[in-house]
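Order of writing sets the chain letters: A, B, C and D. Residues in each chain are counted from 1.
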Amino acid sequence: MALDTAWATSWVTASAAVVAENRARLSSLDRDIGDGDHGENLDRGFSAVVAKLDGLADTATPADVLKLAATTLISTVGGASGPLLGTAYLRAGGAVAGQGTLDGAAIVAMLTAARDGIVHRGKAEPGDKTMIDAWTPAVDAAAQALADGAGETAILVAAADAAAVGAVATEPLVARKGRASYLGERAIGHRDPGAESSSLILRAAAVAAGG
Amino acid sequence: MALDTAWATSWVTASAAVVAENRARLSSLDRDIGDGDHGENLDRGFSAVVAKLDGLADTATPADVLKLAATTLISTVGGASGPLLGTAYLRAGGAVAGQGTLDGAAIVAMLTAARDGIVHRGKAEPGDKTMIDAWTPAVDAAAQALADGAGETAILVAAADAAAVGAVATEPLVARKGRASYLGERAIGHRDPGAESSSLILRAAAVAAGG
Amino acid sequence: MKKLINAPTSVVDEAVAGFAAAHPGLVTVSHDPTFIVRVDAPRQGKVGLVSGGGSGHEPLHGGFVGYGMLDAAVPGPVFTSPTPDPVLAATKAVDGGAGVLHIVKNYTGDVLNFETAAELADAEGIEVRSVVVNDDVAVKDSLYTAGRRGVAGTVLVEKIAGAAAERGDDLEAVASIATKVVERVRTMGVALTPCTVPHSGEPSFTLRDNEIEIGIGIHGEPGRERIPLEPADAIVDRLLGAILDDMPLAAGDRTLLMVNGMGGTPQVELYIVYRRAAEILAERGVEVTRSLVGNFVTSLEMQGASVTVLHLDDQLTELWDAPVQTAALRWGR
Amino acid sequence: MKKLINAPTSVVDEAVAGFAAAHPGLVTVSHDPTFIVRVDAPRQGKVGLVSGGGSGHEPLHGGFVGYGMLDAAVPGPVFTSPTPDPVLAATKAVDGGAGVLHIVKNYTGDVLNFETAAELADAEGIEVRSVVVNDDVAVKDSLYTAGRRGVAGTVLVEKIAGAAAERGDDLEAVASIATKVVERVRTMGVALTPCTVPHSGEPSFTLRDNEIEIGIGIHGEPGRERIPLEPADAIVDRLLGAILDDMPLAAGDRTLLMVNGMGGTPQVELYIVYRRAAEILAERGVEVTRSLVGNFVTSLEMQGASVTVLHLDDQLTELWDAPVQTAALRWGR
């Protein structure tokens, strides 16, 4: 089943819920190798997005939802993750602009654009121990699933699974971007909070699609 | 046996030793109802007095020792206790000026002058929960012992015994002078540090006399 | 105890040496006995202002030595008043023939040691007047106590008396202006945590995780009462309430509102306190025409704050506004 | 967690409101979005200076808004950079037609949010230049990190660039003077205790009773290494050693020496640190011609300090000495 605006809004709502639920845990991950506000930042941002969903026109497309999320996150999250995730949603919306429903190819294009937006803003490479280490495997897995003929939901599930593995895989890494990079070897053994939250958000996308 | 300059110097030395030994305990009493520096203050002062004893002329009288102690305490102790004890020694020295040895009457005069000096400077009355509550019973007991025909050492022992009782008797009191007066009822149950140190110093006087 | 120090016994000497090194155009420091003095002292014909007390309250008093404020400050050991010797030496160093005013916080130790120094100065032919600051409303001022303590209001006394001396007022006039400030200033404070005196190594008192001490002194002495932690606004209501009970102000009265940090309080908290205090005064129609927010009279690293209200008039306002140039307070030059 | 606050979520708003109330002649505050701006902004023809970042570092940045320094400051939530909206609003509010300089501390969040705001301002026809401050030598500046952090040296950049803007330098010139300060300033800090962010309620890290963190950041981020507590002089040797390794100074070089408290450090300790730092520089023949000691860039109630050295020349000295009138730094008026 192709994904529509209802999917997009429930993705955002489910993201908000899972971020709220994991707020303390995300901040605690951030306390280990950053400044301890990551859960707080995202919770503030996604709550603001949810509060704005009501204002969407009935004719809104998935891209409209993504752009609303983008501008709201940019103007409420702050920190490093705000502009990065905001750019991700902005580019994601741009990639599927005008489409009433999204098929598998559109979904892969959307995820790819999101990841590219984060890289454009933050200049991180895979292995730098950032949210990119969740997004890049997710994009690759989604593209592979599409090539393997999977449907929309299965593509999102594949992306979420890969993101989860990617987040865990940040643990042994030394960070090269963001605050954790100040720590050198001391970051080893800690999971990157941004990779973890991105994994939660990508899982929410799959769940919203019934996956 | 009448008390001579050797007695006066060993009083000072024994006071310094007992203050050093009780430094932490006196400061801890002061922490309960004051600012926690009483042991430190007296230790600094009496150490300075001892360091100056060497400079005394061979012809020094007991009064010379007491005056040396007075000026040194005034210029090294600080806090409330410095000027108070300093004045006590100054007046004590004045009361026995010119005497090579001190008989029982001289000792009672010396203790009385010391106590009066503290009252003159600090305006405390008995029962105000101050060092006066050690000194006043000590003076009274010394006078009584003299009247009863006791010798010099016995007079000092009587004074020390009464001072010790007086110090303990400050515990149930509310303070009306010094920092402890800020506490109102909350001072009840705590021994006054200045009364305790005065009791130790008066005991040192008796011990120096072989009591 | 964790402190950026070399040894408990060298804290005051090294801090004073650092202070002198950091402010060479402003002050010089005399060691043995230790005092901090204006670089241009004594000023002939100007009344000299000397204050002092135990260390650990910085910037009080050394931070207020300079043009338009103190001529000398005498730091004692941490939380222990200086002995008469350095007070006497400082008094002599600033005497320019017009006499010297001692500004003394009302603690038995400070009062007795400054009193002795004043007697000695007098014996040497220097005219000394003393003003005792006792702004702390937490303590009942009665026959049954040593009287109110001198706390944050001391800064206001030093600034205003300093301006009077700087413009050339005589000793009598400077002393009477200082006394006027004392009569019109009230303070009350709160502590959230104790502080630790270096040579003791032990916290000055203990508070439970949810307890605060209302009416705290500046030496870690316990205060008026110990209560459970409350929101900042409720605490400010208590502090300012006690001040206004003691010194009722009428609508239209002009005031200086000071919020003073005890040393370990973040500045955001001081401004949260200020906000509520200003709000309460506004509700009563009392005007706040001058303000001062920051760490001025501290208790080492104690967390907490005090609120001070000075009832201004034209004279006090003019003297408050006069130029001042010290390490901790500066304007107009 | 014991704090003088009403609620973790209202800390910044109430503190900013209190700040505005305390300094009415100096600043006004815009709410929604929140920023602090000079009372006389925009000044036609003058380059506008805007800085900002997470709250909890006060007096940075709001305390430096005023004549001769910043035109506006944008406080984010505690330890979290502001979003682009208030930065854009502040940029518009101070634009007097001569362009606006953003002074940004080098943290990914600050850099990205200010960058976005600058793009948006540019789209509205306001010329914006950005200078990123990265004075913290604790962090290796390499391809493998986000680069050095901006810490206490930011105050010196803001003061000196502010003086250049105040005297009428154009945007290009102000930006290049700011860049020059960035190139010549280095800082390194130490923490004795962590701090607690209000909304988290948990200390930012834990240190054992005898442990200190060398190379601490200003957000409670861990630093370069954790070592047992040492005497202050030995700690200063480490801090200044790292600075001088990175920026070798020759005999005869002139410097500004800054000792900055992290918020919970008694002033005596800051001057003990200053004393040793000045001594080390003197041993090398490096002249300290200007000094600054106090709490300027803090981490809430953290105990600790940082040492900053700015390599001065005639131009920087003149701009440093120029009049400034802000809540936290004031001279010459």
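In the analysis below, a residue touches a chain if its C-beta (ideal position, glycine included) is under 8 Å from a C-beta of that chain, and two chains touch if they have at least 3 such contacts.
All values reported here derive from a predicted model rather than from experimental measurement.
Path length between subunit B and subunit D in the touching-chain graph (shortest route): 2. Shared contact partners of subunit A and subunit C are D. A straight line joining the Cα centres of subunit A and subunit D is 32 Å long.
Chain geometry summary: the mean Cα position of subunit C and that of subunit D are 29 Å apart. Note on chain placement: the centre of subunit A and the centre of subunit B lie 76 Å apart, centres being C-alpha means.
Residues of subunit C in contact with at least two other chains: 78.
Residues of subunit B found to touch two or more other chains are absent. Viewed as a network of touching protein chains, the structure reduces to a simple linear path. Every pair of chains in contact is given here: A-D, B-C, C-D. Contacts from subunit C toward subunit D in the complex involve residues 2-7, 11-12, 14-19, 21-23, 55-56, 58-59, 63, 78, 190, 192-193, 209-210, 212, 229, 231-233, 235, 257, 259, 263-276, 278, 288, 291, 293, 295, 298, 300-301, 303-305, 325, 327, 330-333. Against subunit D, the residues of subunit A that register as touching in their complex are 27-28, 31, 33-37, 40-41, 44, 74-84, 121-122, 174, 176-179, 181-184, 186. Chain contact summary for the complex, subunit D toward subunit A: residues 54, 76-85, 107-109, 112-113, 115-116, 138-140, 143-146, 149, 197, 199-200, 202, 204-205, 217, 219-223.
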